[in-house]
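Each chain gets a letter, A, B, C and D, in the order it is written, and its residues are counted from 1.
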Amino acid sequence: MSNRLKVELPGLSLKNPIMPASGCFGFGQEYANLYDLNKLGSIMIKAATLEKRRGNPTPRVAETSAGMLNAIGLQNPGLEHILQHELPWLEQFDLPIIANVAGTETADYVEVAKEISKAPNVHALELNISCPNVKCGGIQFGTDPQTAKELTAAVKAVSSVPVYVKLSPNVTSIVDIAKAVEEGGADGITMINTLVGMRLHEKTGKPVIANGTGGLSGPAIKPVAIRMVYEVSQAVNIPIIGMGGISNVDDVIDFLSAGASAVAVGTANFVDHFVCPTIIEQLPAKLDELGYDNITQVIGRSHR
Amino acid sequence: MIQQERMKVVRQKQIADDIFELTLIGQLTLEMKQPGQFVHIRVEDGYEPSLRRPISIAEIDHDAMQFKMIYRAGGKGTKILSTKKAGDEVDVLGPLGNGFPVEEAAPGETALLVGGGIGVPPLYELSKRLNECGIKTIHVLGFQAANNVFYENQFKELGDTYIVTADGSAGTKGFVTDLLAEKNPNFDLFYSCGPMPMLGALEKAYPEKKGFLSFEERMGCGIGACFACVCDTTDGDYKKVCSDGPVFPRGVVAL
Amino acid sequence: MSNRLKVELPGLSLKNPIMPASGCFGFGQEYANLYDLNKLGSIMIKAATLEKRRGNPTPRVAETSAGMLNAIGLQNPGLEHILQHELPWLEQFDLPIIANVAGTETADYVEVAKEISKAPNVHALELNISCPNVKCGGIQFGTDPQTAKELTAAVKAVSSVPVYVKLSPNVTSIVDIAKAVEEGGADGITMINTLVGMRLHEKTGKPVIANGTGGLSGPAIKPVAIRMVYEVSQAVNIPIIGMGGISNVDDVIDFLSAGASAVAVGTANFVDHFVCPTIIEQLPAKLDELGYDNITQVIGRSHR
Amino acid sequence: MIQQERMKVVRQKQIADDIFELTLIGQLTLEMKQPGQFVHIRVEDGYEPSLRRPISIAEIDHDAMQFKMIYRAGGKGTKILSTKKAGDEVDVLGPLGNGFPVEEAAPGETALLVGGGIGVPPLYELSKRLNECGIKTIHVLGFQAANNVFYENQFKELGDTYIVTADGSAGTKGFVTDLLAEKNPNFDLFYSCGPMPMLGALEKAYPEKKGFLSFEERMGCGIGACFACVCDTTDGDYKKVCSDGPVFPRGVVAL
């Protein structure tokens, strides 16, 4: 039964293609109080930076139509703490962890990637070149193909595990960035990060989020994400982990159809805290309904 | 344990201008331990609105498996919540967070409970528990105006109760701290929930007293996973309001 | 009373800042059956191309979370017909018309702009360099600053009325494009056009829209639009007509606050066919509520 | 004139598998002129779902200011619509489009009415009108299976009625055109509403007959302003289904 959901990706032998997206699931502890994390395919843990980061001032989130804005600002306890506490704690689960790596310059990224990729349960890195919520950090790597390629190559050179690069949708041509990171040696792509947006206070007209802008996520952005996965999957030969607005099993089928080999669920975890296990439970029946034996048969069917 | 349950509406009652009292029934009630904990509510299936709403637990009845919330129908989500009728279902995640420590007050002591606006509700269950444990309670409750006042009688049954309104249309005019300065009540420790400035003023007014404050912050997950709701602490670190709080001992949060 | 809503823009003396967005209101005839078009500030009429265009195959629209996709493909009866029928019909109203000009190469744009700007009731052009739904047309002009600047200059040289350029949000830096068209001589900017998106059939996994991709509009994109208006209004000295997801009076206040001088309503006209007059009616009370005498006081208040 | 009105639900009734009959009351009914016109329905305030749904008018009662729709609760919007109860309000835009021309049939003539699935509903008001004008009607109604069949008796009261199902579980097995080939009924003109292939087959089967066909297309505005719903015409031009149609004389639309 669970065999039908199995997906093999560089570094990642996934019992199913469903995982929480980075930043929406912390390091797993909180959701472990709600359900058995072993049900998941993987976990994309919260971004790790070299030093502990305090993140942005609050408010950090705001509601929008069928979505939300966030400007957490990569708050995290820092590489050392993650290596000593969060990752060892996660070892109790049979989970290949994907570690989200962030930084403000190449040296940071390289240092974090090198160290965190040595952790026994980290089976892949997710190189975050697309966080819109930190000044001089992340996103500029994700908007220029050459820079993206170079960073990918630098990280790839030191990583002990396959490297997936997380792309920003805030670009004129995401295909160009995708091709560049493939050339840089990326083993896979994760996409999309959030769209840069803003909400204003009704009364004052000032931004609701202290940071001004925030990253838009949730069902609102799904059509943009699907379009991008559809395009990128045709342009590169490395696998894609798709995300952006997934909140139910039909959304998962859409991303796989468009060409993703696995998917991540972000914002929906805040709305239905059991959304990941629920989707995993519903997948086999959905495969029956669509007439597929195996989840891998769904991957890329839009293009066939 | 935190649960997610579709709970049934037992009763929805408007108790003041824009203020509603909602009684829900379900298993989840049995998990509620402390006054001052909260629930995270999805007012509608789908994504309109897209986020849950954090609301304090105002009264717990384990025997009947029911609990009460008191909330202001101000924005999109709470307005929808206020349309729910007996028999309707509401998606509740909870109980969440760490509430008011009743055990910090010893029998025979007096506790001062200070609430502001929609910070008043969690103090009701707190006061009931304190009284059950033989602790005397004094209640100082601040509201905008007379038509926003709720639960005055309920609190009066539990101890001395002072109402303060910003415009003087009920009780004393001014801020809760004005009234406290005037009455100068005798108490051993205080508990409070309300707007930040009120919490700050209280800390300042009673530098020597043991006290516990409940905070508000915009939330995403409500369980500690997303870092949306952090607040700065006095030691230069941070706490998550949803899972480390919402109640903190005085002095912990930078005000 | 109506004086409080008056806004003066290059070429456009608007009795109020509310107008339907191009493509969502045809040439006005249909909505004239529903209410008096004189209530509107202006109308942005459907794109005009040199020749009649048949547009894309159907289905051309698809529903998404808090939005919709469209790929109409600039269907329109062509310049001649518009000059001889649609614009003269609109003369019965006291309305400064904004004519949306589209094309596939510079010569087309120039020809349409030259002719349509001579029509007596056309008080401004909206240069559509951002339509995502036609092959080799529109959007490539809107994604490269230099091309955008040159096209703007070419159209500006022949137009008898002020030229507003409609920007695409599908770019890495919309500020760069905005600055370029300002340099090219644009009198104003209209923004945003739709985000490129896609929806797939649940059953087949194929795109629902015959064209494959479509343009995402509606409340879902409002946070992106607000962010872009907020940024662009700080970077240029020409006025902005803002749009993207406006469906009520609060949304209008948001766009004005962010820095737009007037706004256009698109998709919402399909959902509440009376949305424009309703908003116009509600604006004075909204100004009272916010404590402003005049709508112009709201413009750009986010930045004050 | 086209109106937009919050109409009141008089009755909601499930009449077959997934098929509902909804009766609404309001002024807008008085504007309804022709059978085959449709209304554009916003099933919920807000943007979930974000677009209106086009549904044909199935029966008009001007005296009672009521009209009926019959629809399949298949997707998101129609499923929400099917939860509306008597007393609830529904936002209706209409009447829209050009319907079936009753005046094209002369008293004493026989009209063949062919419907497929959710194309059947508009034929009911049409048949009533034709009969009122002294035109004989023959009804051929195609469905998937027995449990999808509706209004068989209502149509029988108006004229000969043949049911066809794809699986043969009710009436004749096969397509409506199979039955027509077999029965070879005598008629002067035909009216039809249903899936494209059915409309095409009909046109081909009766190359000499006058006929009127009703089309479906995805819609945005529903009033002719957005060019979402165009169809190609045989003369190389195009028509808008919402405002030029949904009913066209045979031969106009390229099938």
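As a convention for this text, contacts are C-beta pairs under 8 Å (C-beta built on N, C-alpha and C of every residue); 3 or more make two chains touch, one makes a residue touch a chain.
Model, not experiment: these values are computed from the prediction.
S.K.: Which neighbours does chain C have in common with chain D?
M.R.: Output, common partners of chain C and chain D: A, B.
S.K.: From chain B, which chain is the farthest off, judged by mean CA positions?
M.R.: Centre of mass proxy via C-alpha means gives D as farthest from chain B.
S.K.: Averaging only over C-alpha atoms, locate the centres of chain A and chain C and give their separation in whole Å.
M.R.: Here the centre of chain C sits 34 Å away from the centre of chain A.
S.K.: Provide the C-alpha centroid distance between chain B and chain C, rounded to the nearest whole angstrom.
M.R.: A distance of 47 Å separates the two centres.
S.K.: If you average the CA atoms of chain B and of chain D, how many Å lie between those two points?
M.R.: 56
S.K.: Residues of chain A that touch two or more other chains: which are they?
M.R.: 64-67, 218-219
S.K.: Which chain B residues touch at least two other chains?
M.R.: 47-48
S.K.: If each chain is a dot and touching chains are joined, what shape do you get: line, ring, star, complete or other?
M.R.: Looks like everything touches everything, fully connected.
S.K.: For the complex, give me every residue of chain B touching chain A.
M.R.: Of all residues in chain B, those touching chain A are 1-2, 4, 42, 47-52, 76, 93, 217-231, 238, 243.
S.K.: Which of the residues in chain C come into contact with chain A in the complex?
M.R.: Listed in rising order, the residues are 64-67, 69, 143, 170-172, 195-200, 202-207, 213-214, 216, 218-224, 226-227, 230, 245, 250, 253-254, 257-258, 290, 298, 301-302.
S.K.: Write out the stretch or stretches of chain C touching chain D in their complex.
M.R.: The touching residues are 23-26, 29-31, 33-34, 46, 54-55, 58-68, 70, 72, 75, 218-220, 247, 267, 269-274.
S.K.: Give the list of chain D residues in touch with chain A in this complex.
M.R.: These residues of chain D touch chain A: 47-48.
S.K.: Within the complex, which stretch of chain A touches chain D?
M.R.: Its residues touching chain D are 65-66.
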